[in-house]
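Letters A, B, C, D, E and F name the chains as they come in the text, with residue numbers starting at 1 for each one.
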């Protein structure tokens, strides 16, 4: 799957749109899959993540449940469909596929700790799905179409009282995507659910909030972009302050975390706020910066989840709690990985998180927004730094006397996958130039929706190879 | 290429060092020295260019969009610092070789040390501000790891964290400052920035940028009020302290101010912020240093004080002051490094650093004592030593500040006062350690001279102190000139490096300081007594307490918001939706579109009434669960009728089947659950929820009404036209499902399949205890399988299968289809289960399921299989 | 699992075939073929669920019985209607009916008949299949009801099944 | 008719939301079911209300919008799968916490219903 | 004539539906409620058939059939729940 | 459509509607659960059956030949109504639903 995703990335990097029309029905009538730069980027991001999480899982986390791998692959399938589809309702279906798979994965491994967060997660997402349908319904009831390109054509033509309806519908979609992305005040389901999930699942879930962000980035610039007349930039005035508050909340949560996984779970929320703030400002630079940071943070957070799990497995009763305990096994290896992850996540040089934040900081035009964004982001980084240094030094360095009841040593699959995933941040630094060029081009492509609209004119054809592959 | 190489080499060395771990300590030490030697060799050829006042620039593009490039730039200032870093670095490595104990992780030590060195070199050699910032933060990070090298010591961990927080945090401010400067100048290249000084200073954002940059510099250079991290960083192994606090880490802030001097200095803001901070730091550090009983503590506060001195000099804004500052950087680095090393030797040999216990070491280690006394004398500003020269320049400059009126007296007085303190603590270092009676209760006794080679670095440094003190022009003249020229942008004032400038006011101040200091030291007990009246604050403990207070607060705050209550989360979700839609909906109002309302026929009206009443009744009587379930099934039934009423037979059928299966599933669940919901919410909460629900309901009503009465056209005309010719069926809904939008259906089936898998997986670990009787206290009836039901259930299955086949086969042209067919089969099977039980039924179907509720899975599978079968023909 | 071309329950197959013809829009070649296939296939699948043959001895008496019941249903519906609509409150009774029938299917049919015909509902059948509990809406005397049921329905059923 | 339909959807939504905000799994599931009924009706109504115009070619002069119907079908099926999962999850919650509180609080099990307790 | 009869019949059935709902809400016991909903299902069949006649289409017959099947199963399940708690055991 | 058919259809409709209503009235006003059981089991079933027959005749007389699907539904209803009633009665007896005062005899204890 990684290979095919990379092939698609290469295909998409020329800036063209490739479509696959199911049943060869001309859009907007049939469902189309649309491959553009953004879709390809998300596919590669997910494929890489999926690969390493899967290797990790095959190192023992998949035990006791034959369904694990199936659910895992279905989850990836859902993600891939979500990234490729060019149809609003099909996006809903893709969301459902990946959600139901995630429900199953979340509950994987049993144990009572997961039940309640799982229940909350499922319930809230069911309400989210209901909202999604209402939003789609409203938009369909005004425009009479579901194809996103067609919507981009039709939304600017909405007039009169229908404007109110579309506004309400669009805002509902924003809430749904915000729920998936875990933006405040819709983020509280996340920390416990992620912190208690099995590590490879939590790591894979690092991309789940990004689906919400993806959906915002996909739908809003396209449909409610600059050209949408009265509906232009719908909801973005809400999004910006909320993103900053989310960022702040994430930082507070991270600071107050009592276990590594909780810390990382709040890091997910920090990333969400960090990502959405520049997105809400709507500039090409902001979007580009956010996409760059998105790649970095997704892999980093996933790596940190895996590291935390390894720490749990090597630390006996103390698990990943931020308390003092007897010395763990493989301390050097794990502490180095944690250090790398923390530096990348905290946005310190020289790892990729820093470059993402740098791009975000640079993307804002001078003004009130700049003051807010800089202030919150930098103060947030400072507090995150304290949180990570505190957690790391207690967990890895503060050892009490005593004997660790010889835990099982790590196996190679687990340690190698964790290591590589965590160190991907270095690869991003090395490739920072090409990646930022790519995200820049992606942001430009997203900003100018004429290309996307053109797929309506593209005559459908049968592509040489199928676009979706469901194997890893 | 050579400049990047200089920076890169230590990092390569850091990677290589652990590889030499096999070869023993010596191998690592040698391997670690190689990068510095090569780097020195690489810098050497550039001297001719620099001596002529030029700069060397090696630049490579990296991230042009960010303004970030691999620019390395060498000028006098950079060279001066690079030399300090490299030479003292080499000495530290040599020293460390003897300092570190056998069991310690030498590889890690050298590796980190080299990383740190590389980062420092990066700072001084960067030709791009962003690049410099990267190295800047790297020094924070690597110094954090170095300070906490002895991770088992709590003080080391805490000191390191505090250092990281202060310097790393300052780095973030610096980042903001640099970005602002970059915004103003339009480039982050040092050459551009230095050339744009006037533009920067004229810009409205200059005060902000200046403040941010200075925050970075002050935190790094331990200026008041951020000075407190530095003494606690003394928890590091002594070679590290020697390195960090003489030549490198803390000098980075000084370097930054000197580096950006042409761009930022020369304004009133600069003057007041920098010089006053420096002055405060100078005095405070010197004062506290006197009272430190810890040898390294004394040195640390003395470092703080000297850093304040340099800062003050830079802040004065005169060119001569800047030269003096640069000069003092060199001098301080040499004497402080040697003093730290001496302190390390003493610590090493006596096992303690407490000056109350260490006395009279002259008798045990005269060689070391001589070296330390010379260095300390330099620190105290004794003539013929380098410390004296720069201090004289400082005294001279303090007299040159043109402050109005009585204020003109302030700088010289403070300078003299600081001088007095400096002499006092230097005297203490000499007298209290090497004389002053006999040692008290030393952990190691008697102390010896250290290994021969451990003294070499100290000797070299002390030699440098003397050389500079006696022959300043020859020894550092050209280097200082070059550095000063780089700092001042080429405008070097006339100055003279001489041992004695004649009898003048500065010399008088020096005398006052010298004798005042000695006097103060002789009366030290009074001062100690005076000082003891104030409670000493352990900044580390305060910082730690502050952090844990914050952590607790954050934890409590998080717990208060994220309180684990689904009710709250769901409420937030609903309220969010209401909040973001309320404005458009109020604008919309109770709007009826141009299509207007159509007439109501009263059966529909009554059905709608029934639906509304049942829905509301479900909510009202939800606590009686079975009753609510019955009401819910009425709602489901009427919804199905509604679909039928408004031309959707397929939907009606699907809704019916799904509804019954859902109700059966809910009843299965209800068996295990309490049959009655306790009253848990408070009245306020219920009223709140009712209000929220009403608002949500009203919102949906308003939306639906507006939507239904608006004219509309959709893409569906295409489906109606192409269903038969293109999709081959007359039931357009089903053709859409399996053809036009077949991919949705595939996804839908996938959802069903995954749900089955998930349910199955979940049930495997679920142990439910069936209750013994119903909620009224009745035991369950013994009558499991009533006769009549059993009899009717038998023929029902074949009939249902046939109806399924019928509904399935006609789906493409008439209402029906795979999913409904599947559900009918499922329902017929449910009937078998109800009538005859699990075991009986399971014996007769080819699948096996282990648990009661696994049936849900079975139904889903059958339904999914049904719709899959109907979807594939497309 | 499939016995080739055998019809384990010919009765069922017939019923299925006929039902299919009713469901399909008119009798045609296609519907006959499909009906045959289903009439063969479905009993094969459901054989396990319904292994015992309905123990009819004289099945041809069934239509007459059904017609009689239908007539009773229609006629007696009026009396129930009257009972429901009249202001007089009824005098309900629980009556234990001693069963002569033994075959479970026969008992079921009897119980169903009783429920469909006016004034009576089969409330329960005893565990030993010997007694039927009948609820009568408006009973004058227990014995009258028991006799009426026995003569009108149980006797014909006994002839059919024994 | 439109107003009536709108009111029906409003009533379903209001009841669903109220139940959603309860503290036990069972009412929450019922609330979600009601909500999804409302949503399905709403989605269905986006094609506007039509009487006797079932979208089967040849049975009528004009046809109701078939697309929302197809969407609702998909939504019903997906909703069913989700509800089934939620039901089983709530049972799991019950088994784990001996209590059907949505937050898994280990409190005493609710008193059994009595005739006067309603 | 048929039209008039149809209207009258629809009226009667609708009224019957209301009476069913009355019993459903009133109870007082669970079996009463289940009985009411069972009757409601049967009335729904009548309504669907009448709708079909009114619209002149047989499109809804299958819906009626399904209501019959589903109504029966749900009634039986509910009754079994009241007796045994576990619908399927 | 023949006049006979019209009469038949109308009569059946009214008959069916009437009985459905009567069944519902019985359900609403009879005094205890066991008596209420009678209305739906018989009257309603008969009523709906009649409506089905009118539908059969109606569609047979307007167009496309004879279609007995409604008959299937009716047969199904007649088969299942007694079983439903039986199950409900058993449930009521189990729960101990009270009978009206002057009931002769009593329910079995389950």
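Criterion: a contact is a pair of C-beta atoms (placed from the backbone, for glycine too) under 8 Å apart; a residue touches a chain by one contact, two chains touch by 3 or more.
Quick caveat: nothing in here was measured; it's all calculated off a predicted structure.
**Q** Trace the shortest chain of touching neighbours from chain D to chain F and give its length in steps.
**A** 2
**Q** Provide the labels of all chains in contact with chain B and in contact with chain F.
**A** Both-contact set = C, E.
**Q** Measuring between Cα centroids, what's the chain most distant from chain B?
**A** The chain lying farthest from chain B is C.
**Q** Using CA atoms only, can you tell me which chain is the most central one in this structure?
**A** A
**Q** Which chain maximises the distance between its CA centroid and that of chain A?
**A** C
**Q** If you tally the C-beta contacts for B-C and for E-F, which one comes out higher?
**A** Of B-C and E-F, more C-beta pairs in contact link E-F.
**Q** Please tell me the distance, in whole Å, between the geometric centres of chain D and chain E computed from their C-alpha atoms.
**A** Measuring from centre to centre gives 20 Å for this pair.
**Q** Where the CA atoms of chain C average out and where those of chain D average out, how many Å apart are those spots?
**A** About 38 Å separates the centre of chain C from that of chain D.
**Q** Just curious, how far off is chain D from chain A if you go by their C-alpha centres, in Å?
**A** It comes to 29 Å between the two C-alpha centres.
**Q** Just give me the whole-number Å value for how far the CA centre of chain A lies from that of chain C.
**A** Centres of chain A and chain C (C-alpha means) sit 63 Å apart.
**Q** Give the residues of chain C touching no fewer than two other chains, as numbers and ranges.
**A** Residues 19, 23, 111-112, 122.
**Q** Which residues does chain B have that touch at least 2 chains other than itself?
**A** In chain B, residues 564, 566, 570, 574, 645, 649, 668, 670, 699-700, 703, 707, 712, 714-716, 719, 741, 744, 747-748, 751, 754-755, 758, 762, 765, 774, 776, 781, 783, 786, 788-789, 792, 803, 814-815 touch at least two other chains, as defined above.
**Q** Spell out, as numbers or ranges, the residues of chain A touching 2 or more other chains.
**A** Residues 89, 93, 96, 100, 103-104, 107, 116, 119-120, 123, 127, 134, 138, 140-141, 146.
**Q** When you check every pair of chains, which ones turn out to touch?
**A** Result of the pairwise touch check is A-B, A-D, B-C, B-D, B-E, B-F, C-F, D-E, E-F.
**Q** Give the list of chain C residues in touch with chain B in this complex.
**A** Its residues touching chain B are 12, 15-16, 19-20, 23-24, 34, 38, 42-43, 45-46, 48-50, 104-105, 107-108, 111-112, 122, 125, 127, 129.
**Q** Going by the contact rule set out above, which residues of chain D touch chain B in the complex?
**A** 1-31, 33-34, 37-38, 40-42, 44-59, 63-67, 69-74, 76-85, 87-92, 94-95, 100-103, 109-115, 117-118
**Q** Help me check something: in the complex, which residues belonging to chain D touch chain E?
**A** The touching residues are 51-52, 54, 56, 59-60.
**Q** Help me check something: in the complex, which residues belonging to chain B touch chain A?
**A** Touch list, chain B to chain A: 62-63, 65-68, 130, 133-138, 140-141, 144, 148, 151-152, 154, 157, 160-161, 164-165, 168-169, 172-173, 175-176, 179, 183, 205, 547, 550-559, 561-562, 564, 566, 568-570, 572-574, 576-577, 580-581, 583-585, 587-588, 591, 593, 699-700, 703, 706-707, 710, 712-716, 718-719, 722, 726, 739-744, 747-748, 750-751, 754-755, 757-758, 760-762, 764-765, 874.
**Q** Along chain B, where are the residues that touch chain C in the complex?
**A** The touching residues are 783, 786-788, 790-792, 794-795, 797-799, 801-803, 805-806, 809, 832, 841, 843-844.
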